[in-house]
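Below is a structure I'd like to ask you about.
When the chains are written out, they are named A, B, C, D and E in that same order, and each has its own residue count from 1.
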C-alpha cells in the first residue's frame, strides 16, 4: 500500500484537493465542507513533504500519466526546482484554509460556501498541477483551472464591495489573453518541433537556432506567462484583484498565485531554453532586467501613495515580484537561487501581511484604510505583533526570512553586475520602509476615533502566528530554503555556470 | 568558576531578562522598578569579569547559531568591546535608578512599556559591544534603533511622532542603504563576515576603492552622527531625559562610535588605513563636524539641545581618533568613549533633575537658581570640567591621548582644532553654572528634586573624578588592543 | 423574455418539442458511444443532450425545465462526471498502475483500454451536459439587480 | 508542350505556396482583430466577443499545422498507405474549445453581475463610478478622524 | 489538391470579413450573430482541414452553446455599445506589432500540409500505430484524447466543472452579505 502511495505521490498531491473539490461542492453543511477542505489541503501538504524527501533521494521524479512513456503521454516532473513552489502552495493552502474558517461565513452567504470551498480547492489544485506538469499544453489546462477558480473567488468579494466584480472581470480577460498568448507560443514551438513535452522540446530546439518561429514562439510564451505573473507593466489586473477579493482569497492569491507563474517563467527561460543561448541572455538583459527595476520602483511608489491597505499591499507585491524577476534576469546560479529564496520568503511575508490586515478588517467590519487603522495596535496585540515582524521581514531586516533573501540577492547582484543594482535594490527596499512605517505608526501611535474592544479569536490568529513563526524561523535557520534553492538553480542552469 | 561563554551570556541576557520580566510585574511598581538596577548590577559584574579576562590576555568567544553557510551569530569580547560593554552596563545601573526617580517624579504614562524598551536597548548595546562578526553587529545595531523608537516617541504627541519619523528614517535608511551593502561588500571580497584585530581588508580590496567603502560605512553608521546625518540626535530630544541620557551617554551614540572604531580598526585595520590614506578625508570631515556643532551649541538656548550638539561634537573626537590611524589616537578615542560617557550622563541627569524639580528646560531661565539646587549644579560643573578636559577629571586623559595621536600622525592642524573646540566647549558649558551661581535670580520657584534623581547624578559625577585616578586598567586594555594591531 | 414565457402556448412549438426531445437525447447517446468509431465523444454528446433540455426549458419555461430536471440532481451529476473520470484513474492506481492507465481495468490491455475510454467519455459527457444545463438555467434565471 | 507542363507545375506550386502562406496570414490577422477587440474596446461584452474570436483563430492556427496534403481525417480504415492528418492538434483544440467556452461563460456571468450592480457595462462609466466610491471610502474615514480630533 | 486550398482560402477570407464587420458594428445582436457565424465558418474550415471531431465540437459548443449563452445574457444587457472616447492607437499599435511578429515568423513555419515536417513525423506515427494495436479504437482522436492525453481531458472536464460551479455561485445566491450582517458586528464598538 505504501509502495503504491509513494509511487503515485506526484499525482496524488494534485488529485487530493482536486477530487475533494468535486465532493465538497455537494456538501451543504458549512463546517463539514470546511473540514473536508482542511483535511485535503493538509494531506496535500503532507504529500508534498514526502515528495521533498523523495526528491532528496532520487533528485528527479518522472511520472508518466496513463503509463505512456513521456513524449507520447503526459509527464509529471518533480525535481529539485518544482518541489519549492509545490511546498509553498500546499503550505500556504493549508494555513489559509485554517484562516478562512471564520472569514468565509462572514463574507459569503451560507448557500454558496460549499461551492466557494470547491473553487478554493480547485484554485489550489490548479496551481499545484501547473507546477508539477512537464507538458507545455497540460500546463495551459491547469493554468485555466486555477485562473477560472481564482476569478470566481475574487468575484465573491462582490458581496462586500461591487468593485470586486470589475476586478474579477479584468483578471479574467487579461488572464485569458495571457493564456492565449501562451498557447500561441506553444503552438508555434509545436509547429516547428512536433512535441509538447518540455524536456523533449528543449532537446529538439537545439538544432533550430535563429529559427524565426522559435524566437516568436518563445516571445509569446514569455509574454503570456509574464501577464500571469504580473510582471510590470502587465500587472494592472493584480492590485484590484487582490484588494477586492474576500479576505481569505486575498491571502491565498497573494501568497501563491504569482509564485507559480514565476516558477513557470524560470522553467521556460532556463529549462526549456538554455541560459547560454544569446536569445535568452538578450531577453534577460534588455527586457526582464529593466522591467524588474521599473517594477521595483513603480510598485513601491504606488504603495507609498495608496491609502487603502489591501491595495497598498498588492502594489507592494508588484515590487516584490520585481525583485524575483530581477534575480532571474541577472542570470547567474547564485542569483537564480536568490530568486527562489525570495519566492519562498515572499510567499510567507505577503501571506502573513494580508492575513493580519484582513483579520483587522474582519474585526472592524469595514475596509481597512490608513485612517481607520488608528490605535488598533493596542487592541489587537497579537495581530499587531505579527504584522510588525512581517513588515520587518518585508524590508529585509536581519533575523527575519526577508533578510536572507535580500542578502543573497544583493550578494549575487554585486558579484555579477557590480554595486549599482545592489544599490537600487536597497534603495527601493528602503523606500518600502515608508509605507510600512505609515501603517505601523497608524496602528501604534494614532489615537482611535472610538474605543473599540476586540477579542482576538485563536482560530483566526493561529495561522498568522504560524506564518510569523516561519518568518522568524527561516531568518534564523535558512539552510533548508537556501540549500534547496541552490540545488534548484544548479538544476536549472547546470553546473557550468 | 564560571566559564567565559557563560559570562558573555549572563552579561548580555540579564537586560533581556529584565525586559521580558517587566511586563509581568506591571501591577507591582516597586518590584518592577527594582528589576532594572538589579539587572544592571548583574551584567556589570559580568562585564567586569570579562574585562579582567581580556586583561589577562584571553579572548572569550561564543557561537550562538548558524543561519546559513558562512552566516552566523557569534560574540567575541575584544578589548574595545570590553570597554564599551563595561560602560554600557555600569552606567545602566545609575540610569535605571535615575529613570525610576524621573518617571515617578514626572508622573509619566506607560511606565512599564518604557522600562521594557529601556532594558531592550541596553541589551542591544551590549550585544553590539560583544558582536563577533559584522552580521551580529548589524542585527543588534538595528535592534537598538527599533527598541529606542518607542522611547523617543514616548509622549506620543505630534512632535514626538515627527521626531520619531526623522529618527527612524535617518537611522534605518542609512543603515539599510549604506551599511548593509558595505557589509555585503566586505563579505563578497573577503568571503567571510568575521573581523580580526588587524583588519581583514588588507590585500583583499583594491586600495582605490577603500575610501568609497569607508564612506559607505561612515555614512551608513548614522548613530555616529557625522555632519550631514546628525539631524536625528537633536530631534530625539523630545524624549524623556533618561532616554536622552541613554541615547547620548550610554547606548545609541556610543554604539555608533563604537561601531565606527570597530570598523576602522578591525575591518580596515589601522595599518591599512595609514598605508593607503583611505581615511584622510574622514579626518577633515570629523574636524569640520567637531567645530561646526560646537558653534551651533553656543546658540542653543534649550539645555538638552545644547547638550545634544555638544554630544555630536564629542562623538567626532572619537571618530577623528579612529580616522587618524595611529595607535595613540585610537587609544585616546577608546578612552574618550568611557570618559565622555561618564561626563555626559551626568550633564543629562542634571538637565532632567532641573526639569523634574523646577520644570525648567531653557538655559536663560536658570539665572540664579544655583543656590536652590546646589548639589545638582555642582555636579553639572564637575561634569562639564570633565568634558572640557580639565584635570583632575577623567576627560583630560582622553584628550591628552588624542592630541598625542594627532601629533604622531602628523596632523598639526588637528591639534589646533582640538584646542579651539576645547575653548568653545568651555564657553558653552560653563555658561550654565555661571548663570546659576552668579546671575541674579528673576523669580522664585519651588524646587523639589527626588532622592532617586540626586543620588545617581552625584555618583556619576564622582565617577568622572575617579576616572582620572583609576584610568590605568582602561589604559592597559587599550594598549593591549593597540599592541595587537 | 415575454416571448420566452409565452412560447409554451404555441401548439406547434409544444408538440414538436415533445416529439424532438427523445430523438435528440438518443442522438446524443449515439454520439457518445459511437465516439470510438467516428467523430464524436463526450463533449459533443454532452452538448447535444444538454440542448434537448435547453430546448425544453426554452419552450415550456424555466420552471417546467427545473421540474423535468431538478437543480439538485443537476449539481450532483455535474460533480459525479468528474468523480467518474477521476475514479477510473484512482482505480488504476489501486490496481497498481499509474493514474489513468486503463490497461489494468480489463482482462487484456486492449479491453482495459476500451472499458477505460468508455467510462471516462461517459464522465466527460455527464459533466459537460450538466454544466451546460446549469449554465443555461443560471443565465436565464438570473434576476437583474434593477428588476428587484 | 514540355514547357507548358513545367510552367503548369510551377504555377500550381506557386499558387499552393502563396495560398499556404495566405492562410497563415489571414489567421494571424484574425487573431489580431480578436486581440484588438479585447484590449481596444471598452464594452465588456465586446471584449468577450473579441476573446472568442481571438481564441477561435488560434484554434485555426493549430488545425492548420495538423493538415497533411492528401490526408484523410484521422479515423483508421483498412486501406493500406492511407495518410492520416495529424490527430494531436485536434485533441489539443478539442480541449481548448471547451476551455474557451468555460471562459466565455464565466465572463458573461461577470458581465451580467456588473450590469446589475453598476447599470452599465462600459469601462469608462464603471471606472468613473469606482473612483468616486474609492474617494468616498478614504474621505469618510478621514472625516470621522477629524471630528474626533476636534 | 489546389481546390482544397482554394476553398480554404475562401473560407478564411469570409472569416476575415466577419472580423472586420465585428470591428465596425456596435449593435449587440449583430455582434452575437456574427460571432456565431464566425464559429460556424471556423467549423467548416476545420472540416476542410480534416479535423472532423473539432468541427463537430466547434459547431455544437462554439456556435451552439456559446450563442445561447450570449443570447441569454443579452436579454439583460444594453442593446448598443457606446462609442469609444479614448484613442485606440496604443492597443492598435500593440496588435500590429504582435501581428507583424507573427507574419515575420511565418516564413520559418513549416509549409502547410507537408508530410515531412517534424510535427507529423515525431510522435504522431506512434499514436496511429498505437491506436490500432494497443488500444484498438479506429478514431485516433478519441484514443489520443481519452488515453494518451487522457489527463488533459480530465483537466478539461475539471475546467468545465469549475466554470459551472463559478457561474452558479456568481449568478445564484448573490444577496449582499454585508447588508445582512452589518448589525452583527464582531468587534464591540462603543
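Everything below uses one rule, namely that contacts are C-beta pairs under 8 Å (C-beta built on N, C-alpha and C of every residue); 3 or more make two chains touch, one makes a residue touch a chain.
This structure is a prediction, so every number in the text was calculated from the model and none was measured.
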For this session: Give me the chains shared as neighbours by chain D and chain E.
Result: A, C
Problem set entry | Remotest chain, chain A as reference, centres from CA atoms | B
For this session: Report which interface contains more C-beta contacts, comparing C-D against A-C.
Result: A-C
For this session: Considering only mean CA positions as chain centres, point out the chain farthest from chain C.
Result: B
Seminar exercise, completed: Here the gap between chain B and chain C, centre to centre from mean Cα coordinates and rounded to Å, is 79
Problem set entry | Between chain B and chain D, centroid-to-centroid distance (C-alpha), Å | 68
Exercise. Just curious, how far off is chain E from chain C if you go by their C-alpha centres, in Å?
Worked result: 20
Seminar exercise, completed: Taking each chain's mean CA coordinate, chain A and chain D are separated, in whole Å, by 27
Problem set entry | Overlap residues in chain E, where contacts from two or more other chains coincide | 52-53, 57, 61, 65, 69, 73, 76, 102, 106-107, 109-110, 119-120, 123-124, 127, 138-139, 141, 145, 147, 149-153, 155-156, 158-163, 165-168, 170-172, 174
For this session: Would you please write down the residue numbers of chain D that are in contact with two or more other chains?
Result: 31, 35, 39, 65, 73, 75, 88-89, 92, 94-95, 97-99, 102-103, 105-106, 108-113, 115-117
Exercise. Which parts of chain B, given as residue numbers and ranges, touch two or more other chains?
Worked result: none
For this session: Would you mind giving me the full set of chain pairs in touch?
Result: A-B, A-C, A-D, A-E, C-D, C-E, D-E
Exercise. Within the complex, which stretch of chain C touches chain A?
Worked result: 75-76, 78-80, 82-83, 86, 89-90, 93-94, 96-103
For this session: Flag every residue of chain C that touches chain D in the complex, lowest number first.
Result: 37-39, 43, 128, 135, 138-139, 142, 144-146
Seminar exercise, completed: In the complex, the residues of chain E that touch chain D are 1-2, 5-6, 8-9, 12-13, 15-16, 19-20, 22-23, 28, 31-32, 35, 38-39, 42, 45-46, 49-54, 57-58, 61-62, 65-66, 69-70, 73-74, 76-78, 81-82, 84-86, 88, 91-92, 94-96, 98-99, 102-103, 106-107, 109-115, 119-120, 123-124, 127-128, 131-132, 138-141, 144-145, 149, 152-153, 155-156, 159-160, 162-163, 166-167, 170-171, 174
Problem set entry | chain D - residues contacting chain E, complex | 12, 15-17, 19-37, 39-43, 45-46, 49-50, 52-53, 56-57, 59-60, 63-77, 83-95, 97-106, 108-113, 115-116, 120-122, 124
Problem set entry | chain E to chain C touching residues, read off their complex | 52-53, 55-57, 60-61, 64-65, 68-69, 72-73, 75-76, 134-139, 141-143, 145-147, 150-151, 153-154, 157-158, 160-161, 163-165, 167-168, 170-172
